[in-house]
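Chains here go by letter, A, B, C, D and E, matching the order in which they are written, and residues are numbered from 1 within each.
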Amino acid sequence: MTAPLLSVRALSKSFGGLRALDAVDLELAAGEILGVIGPNGAGKTTLFSLIAGSLQPTSGQVHFEGRPVTGRAAHRLVRGGIVRTHQIVRPFANLTVLENVTVAALHGNRRADVPARYRAPRVLDFVGLADRAGQFPGLLTLAGRKRLELARALATIPRVLLLDEVIAGVNPTEAVALAALVRRIRDELGTSIIMIEHVMPAVMSLSDRVLVLDHGRKIAQGTPAEVVRDPGVIEAYLGTSTEATAP
Amino acid sequence: MSEPLLQLDAIDVSYGDVQVLFGLSLEVREGEVVTLLGSNGAGKTTTLRAISGLRPPRAGEIRYRGRSLATIPAAARADLGISLVPEGRELWPQLTVRENLDLGAYGARARPHAARNLERVFAMFPRLAERSGQLAGSLSGGEQQMCAIGRALMSEPTLLMLDEPSLGLSPLLVDQVMNTISELHAGGMTILLVEQNLRKALQVAQRGTVIETGRVRLEGTSAELAANPEIRAAYLGI
Amino acid sequence: MSAATPALVPLRVAAGFVVGVALLAVAPWILDFTPYSHNLVTLAFLLISGAVAWNWMGGFLGQVSFGHAALFGMGGFVSARLLLSGPVPAPLAWLVGGLVAGVFSLGAHPALRLRGPYFSIATIGLGESVRLIFTYWEDFTGGSSGLSLPIDPDMKHQLYWWGLGLAAIVVGMSWLMRHSTFGLQLLAIKADVDAAGDVGVSATFYQDLVFVLSGAVVGVSGGLYASYFSFIEPNDMFGFDRSIAFVLMTVIGGVGTILGPVLGAIVFVLLRQYLLASYPDLYLGLYGTLLIFIILFEPLGLAGLLGRLARLARSWRAPAAEGGTP
Amino acid sequence: MRSRSTPTPCRSALLATLLLSLVAAAPRAAGAAAPTKVSLGATLPLTGAEARIGGFFKEGYELAVEEANQKGGLTVGGKKLPVTLSILDDTTTQATAVSLADRLVNSDGVDFLLGTYSSHLVEAQSTIGEQNRIPYVNGGGGATKIYKRGFKYLFGTIAPVELLGTTLMSWIDVQQKAGKLPRPAKIALLWENTAHGKDFRKGVSDFAAKSGGAYQISVDESFPLDGKDFSALLGKVKAANVDLFLADAHLPDYITMHRQYVAAGLCHKVVSYGARGSEKGAVDALGQENVNYVVSGVWWSAELGKKPGLAKAFVELFTSKHQGRKPEWFQALAYESARALFTAIEQAGSLDREAVRAKLAALKIPSMLPGGTLEFPASMGQQAQNPFVLQQNLPDRTSPIIFPPDAATGTGIAVNPRCPK
Amino acid sequence: MERFIDLSLSAIMLAGLYATMAYGLGLIYGVLRVVNLAHGGVIMAGAYLGWVLFERWGIDPYLALPLVIVASFGLGILMYRLLVRHLPRGPAGGPASLLLLFGTWLVLRNVAYLLFTGNDQSIRTSYSTASVPFLGTYVSVNRLAVLGVAVILPILLQLLLKKTYTGRAIRAVAQNADSCTLVGVDVERIYALTFGIGTALAGVAGLLSATIFSFNPGFGSGELLKSFVVVVLGGLGSILGVGLAAFILAVVEVFAILVLPSYLTSAVGFVMLVLVLVLRPGGLFGHRVLG
């Protein structure tokens, strides 16, 4: 593999005394999908916030395309080509679906000069929301809102897309469709993706590599098949089985 | 067999237009420990919130000791003996430990026994007794969990519900919490446990229910579930 | 405002707007206004401009300011000073007043990082400190005895068209803002500053920009107001009541809408005048009750009410009556 | 594209036109048919900060109108015409004072305007008189600045506040020359930051400057209207160790400040709050013992009615209407303003505004105001220059006039006997 | 030195006054996150109630305290049940709640005009202007009493909040309402109660102000603005913080006269308000919710 598109070195974040993220390294190659899994509270979302600039790291560096971008403000990173989505989708409730995407399309990757008004409907089309353009996000189903969240991120023409649980919480049919959409983003748009996901079948089938976090630390990394065999991972997920805890 | 203590009969629960539970049914009998399993977003927390009245069902019925809870407001359910230890503890961070515990006995039924129950809680969690004057927000994660359980116990619950009590705790503390649950069960309390540490949960529970996207996927005794490969598949995606 | 897009201003809207403004421009002759009506309508125009400009911040951007009187007073006093200093054409003086107020409003920049009620409270503090300081600053504002401009009845008469022009420009800007990508970004910031940052909208830049625009327009309307009344006094111009008036007009009319502040300002001028003259004992209470009812039952104010009535009327009419609005 | 029904500017403009045309439907001012009555208009602060005084002015205006109508009305061109007066509430705000006056003139069609109370309102409102060339007679705007704008239709029966400062200093000067007060005497000058207070300050400080060192102003501070706490300011006065305490405040501030003054154990050889001091409200709020020996300067006092004359008649008329309550200067100035206008109308013999304006400008009538004559000298911007009278509160609950000597009904006590040593 | 004592005493007395004005506003904001813009109106109402009791029935204002507390508590409950309860919660409700309560203030003011006209009124008791000598200067008895109330009120309030189930529930509701429901607290009832107590405190402030100032139906806006400053300095929702902040504001305002013209000393408070909001949004003592 050539030089990574995004590389994270020893990234740490403490909240008060609590170490939410502890010296995590990761690399993302162009066109790769990297899954990030781990139990609740493992520090996955914190990792995203640090990369995307919503939080300032306590220590460590982030490099994008070989240049340091550590601690840069979110809106500037978006223009550089790194964009994130949120676990709890946050559409602009006072804007229509199309307007939501248009706002995002105005910014983002500077190299893309297709006018926003022109690009937004195409992105909506891509994520399958074209027929909802004039509606307000409040009328969309959860899956619809997740698509909108994706569309908004895509409209900025990212090179790195950070997806925080885009599939979780929707019904199985919709989950399959969303997973397919994520794959199309990589295959057709060539965007590199880091995804946090709890829906295991989706992560395992989509990811090229998987990174496992627990208690803020990286406990495993590898292909999906490697990771699910890792005893540390199994323990983190299913709990210790070594000894009984009878009273 | 006697009437179950708690009975969920095909409840639907929604957040705005997003439906989370679809015709979910569940039973908990007096003196049992039942665990509710499932991946994130399956609807476990929502189920507990529906029982405690914070998020009443849109359809279906919740019965407690055979009586429908439909007309009973959330605030009155503590007095019936239904108590929830919420996910993330949800303590009052700027009240002291002691105040947090005292407020647990706010209900008219529990208030006269506050002193006795406080003693019991302190006996169970000596750590809390040491820290009783400290602000709850300044406690460590494990201590907060103890405090949250203690607060629930102050209301003299018949049915204790715990939502992911091991979340964010070190393995040692997880064991401690699980021991506590076993102790409470041994003392005759009925417990409904939501837990992501599947093996631990199945060790303390007699029965388990696995839910997936708001519907029951599997049900059975702990032994049955522990042996079922489907569970591993659901959790790890293989 | 990057994109040149197809038909940003649909012909129908533009035509309707021009016809409306033209009608208003000739209204004094057609309707044979009494001087009183003429003056009252002029006053309404001035307040419309102020309310619409306030709405850019409070309605589009979601930063509810309780200190706009500071900008209004700034514009008023700067242009009054200029008019008193020598033969300066009035429009130039108003413009300079507006510019100064616009720049002055950047003084509130540090408060922009505050959200919700914190921002509102900070603007109260800013407004009150500005009032006290300018009342004390004798050399500039004339102190508590204020400044008198020479009486010029012609000017007051002409202000009708100046006021109409300003209101038309401002309402037009409001429409363009709301329907352009610029406005979209403001609304996005209003809905969720963090999420807006996540898609690349630089909130502080837009907040500052709107603050300056809003301040400049309010400043210009302050200048016109000074010419209209020929006498201004800092305690009145910078007063808390005036700051609240901007909020009241917009809320009564409908926060965040284009039409709302316009309706609100008209109602504010006319209804107040009517109540004061007809029910002097009850006008405060009636006014307060109106406010309470609007907040409780129609959060979008009169504009929301009209929208509701329009929808109701449309549902009664045959469905074929009218297509989608542009 | 958009499914919402945002009203378009097209509709909004039409709607606005519609709304505004409702205003236009307001009745036009009556034509030039033969007049059947004299209609007057005024706004007064009936609510808001100056509501109390607004009410007093209303009493004065109404008394004058009643009196005129009891006589059958005003004789205009040989015919007796009844007088009507419509009073609106300007809520103590300038914009309202202006637009309601506009309404009175241009919509209700009144023939003449009487003024509102307090300088800032009068200054704003008088522009309506000037713009519409309609005589505007007021008794409530005392700031000299109002009359320096060269307005032709503006007449003030209220003498400049500056004169109040001068009068007060003249009396003090007499006392100093008599050796009752030290020379140089140190003054604490406190004034509310309004046009009223500024004029008072000017009167006092100009006098002191011309005194050749007989007076030294040691404290010169302004304070905001409706101040909440004057203790720091009074502390400064205390530290300055002055002889004379001269303040100018409106009633609420007088009460607050003087309560703190008394409680702080302050006492000065001469204490004055400008025009405040003898009114009943203040005595009630402060207690007789605490207002004793306070010197106040007023435009008119019911004390003037002790001697036969116009003042006596007015006091009797007023007390009989208001169950024995005595009038204060507010009612007197309001009454005199109305009476001046009535006289000018009768002299002009018509309701022609220019004619009445000319008569007002040339007016010189006997008056109950101190000095005995009311006129509007052009050199002073048509502001009456009647002298002030100083009153002093005495322990026997009277407040005799102590200055100027020709109007005096008692003698002033120069060194406040309440002060220790 | 004497000057310093004078100024310090003035500052302490003024702090007492500011604190009484601000407690109610602070309590309501702390628990309900609603800025009670009708606060000024309730202060005015409290002043009139005290005046009526004193003029009509000769009840001393300090003896009238319980009556005023009960009456304004009732008014607060009424306002909560009829109006505030229907407001949208959270930041979106911000401007709406401000204006709703402003409307309420206008109505209160109108009622006062109808009942009492616009005349200035004041309460004069035998001790209105009495003072006691202290450290070579004099201290007003009435202001001393106000200071006393200003000190006693937060102690009582703190006792209520710390020692009773209801008080603890009030603090708990401010921090996490859902958890309160879980232990059986009727959150709506607590909100109503808190609004009632906050309003009662405003009523007390009005009554006390009436013994110091003269007032008319327009009374209360200056009080409201000062309360704002105090509550923000104190960290929006901490009772002891309010007391301390009142003291700091008073000290700054009073001592400002050494360097500033008297007229500008009250601007200092507003400048402080803005600075604190921008530099330390949690207030001078850190952000605490009824800790």
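Methods note: a contact is a pair of C-beta atoms (placed from the backbone, for glycine too) under 8 Å apart; a residue touches a chain by one contact, two chains touch by 3 or more.
Just so you know, these numbers come straight off a predicted model, no measurement behind them.
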item: For chain B and chain E, chains touching each; value: none
item: Most remote chain, CA-based centroid, reference being chain E; value: A
item: Cα-centroid distance, chain A relative to chain C, in whole angstrom; value: 43
item: Centre distance in Å when chain A and chain D are each reduced to the mean of their C-alpha atoms; value: 73
item: Inter-chain centre distance, chain D versus chain E - centres from mean C-alpha coordinates, in Å; value: 35
item: Chain centre separation in whole Å, for chain E relative to chain C (CA means); value: 33
item: Multi-chain contact sites of chain C, meaning residues that touch two or more partners; value: 132, 135-136, 283-284
item: Multi-partner residues of chain A (at least 2 other chains); value: none
item: Multi-partner residues of chain D (each touching 2 or more other chains); value: 1-4, 46-47, 193, 222, 224
item: Residue ranges of chain C touching chain A (in the complex, touch as defined); value: 2-5, 181, 184-185, 187-188, 190-192, 194-203, 256
item: Of all residues in chain E, those that touch chain C in their complex; value: 33, 35, 83, 86-88, 91, 94-96, 98-100, 102-107, 109-111, 113-114, 221, 225, 228-229, 232, 261, 263-264, 266-267, 270-271, 273-274, 277-278, 281
item: In the complex with chain E, residue positions of chain B that touch it; value: 52-54, 73-79, 83-84, 86, 90-95, 99, 102-107, 110-111, 135, 151-152, 154-155
item: Of chain C, residues touching chain D in the complex; value: 12-13, 15-17, 19-21, 23-24, 27, 31-37, 39-41, 43-44, 132, 135-136, 143-146, 148, 150-151, 153, 156, 171-172, 175, 178, 229-231, 233, 235-236, 241, 257-259, 262-263, 266, 270, 272-273, 276-277, 280, 283-284, 303, 306-307, 310-311, 324-326
item: Chain D residues touching chain C - in the complex, by the definition given at the top; value: 1-17, 19-24, 26-29, 46-47, 88-89, 91, 93-96, 98-100, 102-103, 105-107, 119-120, 123-124, 127, 130-132, 143, 145, 149, 151, 193-195, 197-198, 222, 224-225
